[in-house]
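Going in written order, the chains are labelled A, B, C, D, E, F, G and H, and every chain counts its residues from 1.
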Amino acid sequence: MNLYGIEVASRLLLGTARYPSPAILADAVRASGTGIVTVSLRREAGPQRGGQAFWAMIRDLGVRVLPNTAGCHSVKEAVTTAHMAREVFDTPWVKLEVIGDADTLQPDVFGLVEAAAILCADGFEVFPYTTEDLSVAERLVEAGCRILMPWGAPIGTGKGLNNVLGLRTLRAHFPEVPLIVDAGIGLPSHAAAAMELGYDGILLNTAVARAGDPIAMAGAMATAIEAGRAAFLAGPMEPRDMASPSTPMIGQAVLG
Amino acid sequence: MNLYGIEVASRLLLGTARYPSPAILADAVRASGTGIVTVSLRREAGPQRGGQAFWAMIRDLGVRVLPNTAGCHSVKEAVTTAHMAREVFDTPWVKLEVIGDADTLQPDVFGLVEAAAILCADGFEVFPYTTEDLSVAERLVEAGCRILMPWGAPIGTGKGLNNVLGLRTLRAHFPEVPLIVDAGIGLPSHAAAAMELGYDGILLNTAVARAGDPIAMAGAMATAIEAGRAAFLAGPMEPRDMASPSTPMIGQAVLG
Amino acid sequence: MNLYGIEVASRLLLGTARYPSPAILADAVRASGTGIVTVSLRREAGPQRGGQAFWAMIRDLGVRVLPNTAGCHSVKEAVTTAHMAREVFDTPWVKLEVIGDADTLQPDVFGLVEAAAILCADGFEVFPYTTEDLSVAERLVEAGCRILMPWGAPIGTGKGLNNVLGLRTLRAHFPEVPLIVDAGIGLPSHAAAAMELGYDGILLNTAVARAGDPIAMAGAMATAIEAGRAAFLAGPMEPRDMASPSTPMIGQAVLG
Amino acid sequence: MNLYGIEVASRLLLGTARYPSPAILADAVRASGTGIVTVSLRREAGPQRGGQAFWAMIRDLGVRVLPNTAGCHSVKEAVTTAHMAREVFDTPWVKLEVIGDADTLQPDVFGLVEAAAILCADGFEVFPYTTEDLSVAERLVEAGCRILMPWGAPIGTGKGLNNVLGLRTLRAHFPEVPLIVDAGIGLPSHAAAAMELGYDGILLNTAVARAGDPIAMAGAMATAIEAGRAAFLAGPMEPRDMASPSTPMIGQAVLG
Amino acid sequence: MNVIVNGSPQELCATTLAQALDELGYGAATVASAVNGRFVRAVSRDITALADGDAIEIVAPMQGG
Amino acid sequence: MNVIVNGSPQELCATTLAQALDELGYGAATVASAVNGRFVRAVSRDITALADGDAIEIVAPMQGG
Amino acid sequence: MNVIVNGSPQELCATTLAQALDELGYGAATVASAVNGRFVRAVSRDITALADGDAIEIVAPMQGG
Amino acid sequence: MNVIVNGSPQELCATTLAQALDELGYGAATVASAVNGRFVRAVSRDITALADGDAIEIVAPMQGG
C-alpha cells in the first residue's frame, strides 16, 4: 500500500509498547515483517537514559517510525508533541491522537479535526486515529489527511471489530483513501476480518505485546493480514441462509 | 496433526466439488498445500466416463483422499457407500455423513452414531460430520471415532462459526480428540477463529470453489489456518471491557 | 397456547427455585401471571418437613405444576422420577431432563429420546428439555411428545438465544408443534426475541429468581413475552442494510 | 421521564410517517400510549392542502409534537427549519437532524453541534439526533442540550442496536442526561434491550409504520419498552459462562 | 410580479408576503414561510416586501419520523 | 431391621414400606417412595415387604426450574 | 436379461455381475458396484449371478465436499 | 536559577536552554525540548534564554502504540 507516497510492503503496522523486554520487542518486529513501528515521546528520565537505548534499538531494526501523540487530550498538546516528534524522529509522519475520554480512549473528534488541519497545513503527513464516523472522516480528508485510521474497538480491549457495519460503510464511502484499522484487534481472525472488508492495513500493539509468546503472535498477525487481503482480492462467496450441498446430488446411487 | 496414525502437515482439508473447472481445482489443491481432499462416489455415466478422468487427476495431485457419504439419509445407504468407497479408493478413511434434514443438511445424529458404530467395528477409520452436541460426540467416541468433525454452520452457507459457545465447550470437553470444523466456513477469518479456539483443523469446500479466484482463496485459507493455529499456541491476550493505553502514561510531558 | 389439550393463557412458565424467600417466590408467581410453575422432587428431610410447606404454598397459588426430572443423568433415574412425580403431583405432565454433561447441563439427547418414548408409552405428557437439533426433535415427536422445549443457552447462564439460526430452523421445521424456549433467558429482551421468532412460550427461572427484585422482573418477563408475541403476529418490517428516511423527502423546502 | 421540564408518562416517542393511512396512524398513536409524536415541515401543495388535514388530525390526538429537521444537510437549513417549526407548532422543542451522508443518514456531527449551539442560545429545547460518540455528546451538552438521542442503527434499517458497547459507554458517561435511542429499532426486543441498558426512552417510526399490523406493533413496542425499563430497575442477573442448575442438587434421590 | 413559490414560477399581484399568502389561498392556513431562504415570522409578513424573482417557501405540518 | 433411608442408615421396627413411612413420620405427608431404586406406588406400600439392608428413598415436592 | 443399471432399464446378455460390467464397458474402470442395494466386492463379481429385474448400481470417484 | 525540569524543581547555572541541556547531560542525546509548554527547535536552543521559574520539558523516544 502507498502511504503518503511511500510504497509499503507489509500491511501491518506494529506498536512498540508493553513488551516483556526490549529483546522480545525486537524479535517481534522482525517476526512481523512490518516496515513501520509506532513510537512515542516521553520525558527522558534517570541516569540510564532509557529513551536513548530504546531509540538506538529501533534504528537498528531498519524500519520506519510513526510517532504518535498518545495521551494528548488537547489540540495544543497534540500539535506541540507532533512538532517535537518531527524533530526527534526526523519524519513528517505523525499518528495523531487527541483523546476525548480517559475510559474509552476514544478520539475527541473535534480536537482531532482541528489538530489535523493545523498539522497538515504545517507540512505534516497525518495518520489520524479516528472513529468510523463518516462526517468526521470527511473533515479529516478536507483537512489534508491522505490516510484514515478508524478504531476497531477501544485501545487495548482486544475486542476486534466492534462496529462492522460502520467500518464497512466507511470503506464504501472512501474507496481511494488508505484505511487502516487502528486499535482493538485482539486476534488474527480480527485482523483478517478487517482486511476482508477491504481495509488496507492494520495497526496493533497490545495483542502482540501481551500475548504469551509475542514473537509467535507477531508472525500470526502478519500471516492473517495477508490471508485477509488475499481473500478480499480473490472475491469471497456470498453467505447464504439456506444450506447447499457441496457434493453434487445428481448421480447419487440408490442404495436405500 | 495426527489423524488415525497418519501425521498430517497441513491443517486444511479441501473439498473437490463446485470448482469452475478441473484445472482450477487442481491448482487450488496445490495452492492450498493440503494433504487431504474429500471425494465422493456417484454413478458413472456417459461415454466420457467422467469419474475415471476425475480420479486420474486426483491421483496425480499426490494427496490422500477422504471419501464422503454425502447425500446419504439412512444408515444403510451410508454404510453401503462407505464399503464401496473403501474398495474404490483403497482407504479405511471415510467422512461419514448421515443427513437428517434436506434444508439444513444437518446430521441425523442418531443415524450417525449407529452408522459410526457399524463402520468402526468393521475396521473403518471414521471422520464423522456431526454437530457441536456433547452427548452425540461422546457416543461417537464410544463407537470408536478418533476424530470429530462438528459443523461451523450449515453446509454451503459460508456463515462461519454459528455457535461459538458450543464449539468452545466441545473443545474443552475433548482436549485430546482431533477436532476439525467441517462446513460453514466462508472466509479466512472464520477459519482462523476456529483455530484460535483450539481446533485442530478445517475442512472446507464451497468458500474456495465459489470464490472469484479459487486458487488465491485456497492459499488465503491455508494461510489463515496457520495464523489461527500459531495464535492459539502463542496464547492470545484476554479481551477486556475497559480501554487500556498501549503507550505508557508515565513520563508524559506537560505541554497543555 | 394449547399444551396437551389444556388451553393456557400466559405464555410464561416459571421455575420455583433459587428465590430469596418463599414469600418472594409467591409474589413473583403472582406478578408473572403464569399459569404453570415447574417443581421438582427431592428427599424430604429434617423435622421441618420443608417439602410439605413448599407444596402447601404452591397449591395456594392456584397454578398448574410441571414436575421436572432435574439432575437425572440416566434414563432409569428420569423414568423413575417421572413416576414418583406423577403420584405426588397428580399430573401426567413431566418436564423431562436427562442431563448429558455436568458442566453445560446440556441434554443427553439419546437418553432423552429413550426416556421420552418410555414415558409417552406409559401415558405421560412429556415436555422434553432438548436442544435445537432437528433430528433429535423429530425423534421426540415420533416418540409421542406434543411439545418441544429447546434451550436458549445453557441453564442458569442468562446468555439469551445462543443459536438464533438453529432456533429459527426448528420453528420452520415444526410449524404446528408448540415450541417453548427453556433455559438461558436472562433478560426480557431475550424472551421477546424468542417470541418474535414465532416461539409459543418461554420457561425461565434464574433470571427472575436471581434478579435484584424478582417480583418486578417476573412482571417484566411476562410483559416482554406478550410484546414479542404481539410483534410476531403483527408481522415485523424486514431489516435492511441501507438507511431509508422515515420523513418523506418529497416536498422539502429549499432553504440552503 | 422528564424532558425539558415536562414529565412524560410514556417512554415511547412515535414517528408519524410511512403509515398505510391516516386512520391507521391515528390508531397506532393511540395504541402506543405515546405522549409525543414527531412531525416535519414540508411544502404545502395542491388544492387539498394535505398539511392542514394532517395537522388537524394530530391535534385531535392530544399529544405533544416534536418537530424534526429531517432532510437538512446544512446548519442553515436546519436552523431555519427549526424556526419555522417553532412558529407552526408553537413549541420550543425540536428534533435536530443535520444529515451528513445520504446513504446512512448519519448525523453530520460538526453541523449538529454548531446548529445545536445556535438553537439552544435562541431558546430552543433541542433533541439532537446524534451518534454514540462521547466527544460529540459532550459538545452537545455544552451547547445546551439537556437530552441526547443517539441512533441504534441507521434510520429505517430496523437492525436494532448496532453498537451496544458504544451505547453502554454513553449511558455510563452521562448518568443524568435523558438518553433516547432514536432510529434503527426494528423489533420490540431491540427496544427492550435499549431500555435494559438504562436508556430512558425510544423514538421509532418505521418499525411500527411498516409492520403488517401497525396498530398491534405500536402496542407491542410500548409493552416491550415498559418491560425493558422494569428489568433495568429490577436489576438483572449477571450472565455467566458456566451452566448452573436452577433446581437444587442437594437432596436428590439416588435412583440409578 | 414574478416569483418562485415552492420551486414553481408564479405571477402574483401581491407586493408583500402577507398579500402573497392570501392570494395563494394560505390566508388562514397553518404554514410558515421563508423568502430567499430566510424565515419570515408571521408577524412580519405584512412588512415583508416582495421583489421580482424572489423565492418564497411555504411549508405546513407533515408526517415525520 | 437396618435400612438406608434417604442415604442414612437407620434401624426400624417396620416390616413393610407403609409401616416404615408411618414410623418415620410420613404417614400423612405428600411423598413418593422407592425401594432399592424402584418406585413403589402408594397403593402398594402395604404389600411391600422390607428386607435388611434395603435402601428407601422418600421424596417430597421441592423447588425446581 | 432385463436389468436396471444406475436407474435405467437395460437389456444385457450377461448372467453375472462381472460379465455385466464388461458388457457395459466398465471392465478396467475404477468403479464399485451394488446389486439390489447390496454392495458386491470386486472379487465377488464373478460369482454374483444376475436375475431378471435386478437393480445394478455402478459408482465411480466424483467431486465431493 | 531555579527551574522546573520535567516536573521537578532544579537549580541550574545555565542561562540558555542549550546550556541547561548540556548541564543536565543531554548534550548529545536525541531529545526535544519545550519551555513553558512551547516547543523550542534544536537550532533555537542557543538563543532561548531561561528565566527563573521556567518549566522545561525534555522528551526522548519511547515505546508507543
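Operating definition for what follows: a residue touches a chain if its C-beta (ideal position, glycine included) is under 8 Å from a C-beta of that chain, and two chains touch if they have at least 3 such contacts.
Just so you know, these numbers come straight off a predicted model, no measurement behind them.
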(request) Using the touch definition up top, find the fewest steps from subunit D to subunit E. (result) 1
(request) Show which chains lie in contact with subunit F and also with subunit G. (result) none
(message) Please identify which of B-G, A-G or B-H repeats the interface of D-E; the criterion is that more than half of the contact pairs agree.
(response) B-G
(message) On a CA-centroid basis, which chain has its centre farthest from subunit F's?
(response) E
(request) With contacts defined as at the top, give the pair, B-G or B-H, that has more of them. (result) B-G
(request) With chain centres taken as the means of their Cα atoms, state the distance from subunit C to subunit F in Å. (result) 33
(request) Starting from the mean Cα coordinates of subunit B and subunit D, work out the distance between those two points in Å. (result) 46
(message) Taking the mean of the C-alpha atoms as each chain's centre, how many Å separate subunit B from subunit F?
(response) 54
(request) Going through subunit A residue by residue, note those that touch at least 2 other chains and give them in order. (result) 15, 17-18, 40-43, 45, 68, 70, 76, 80, 84, 103-104, 106, 154-155, 159, 205-206, 245-248, 251, 253, 255-256
(request) Would you please write down the residue numbers of subunit F that are in contact with two or more other chains? (result) 6-7, 34, 37, 57, 59, 62-65
(message) Judged by the touch rule stated earlier, which pairs of chains are there in contact?
(response) A-B, A-D, A-G, A-H, B-C, B-G, B-H, C-D, C-E, C-F, D-E, D-F
(message) Under the stated contact criterion, what part of subunit B meets subunit H in this complex?
(response) 245-248, 251, 253-256
(message) List the residues on subunit A that touch subunit B in their complex, please.
(response) 15, 17-18, 40-43, 45, 68, 70-74, 76-77, 80-81, 84, 103-106, 154-160, 186-190, 192-193, 196, 205-207, 209-214, 216-217, 219-221, 223-224, 226-228, 230-231, 233-253, 255-256
(message) Quick check on the complex: what are the subunit E residues that touch subunit C?
(response) 6-7, 34, 37, 55, 57, 59, 62-65
(message) Touching residues of subunit A toward subunit H in the complex: what are they?
(response) 15-19, 25, 38-45, 49-52, 54-55, 58, 67-68, 70, 76, 80, 83-85, 87-89, 155, 205-206
(message) Using the touch definition from the top, list the residues of subunit B that touch subunit C in their complex.
(response) 100-101, 103-104, 106-111, 113, 131, 133-136, 138-139, 153-154, 159, 162-163, 165-166, 169, 172-173
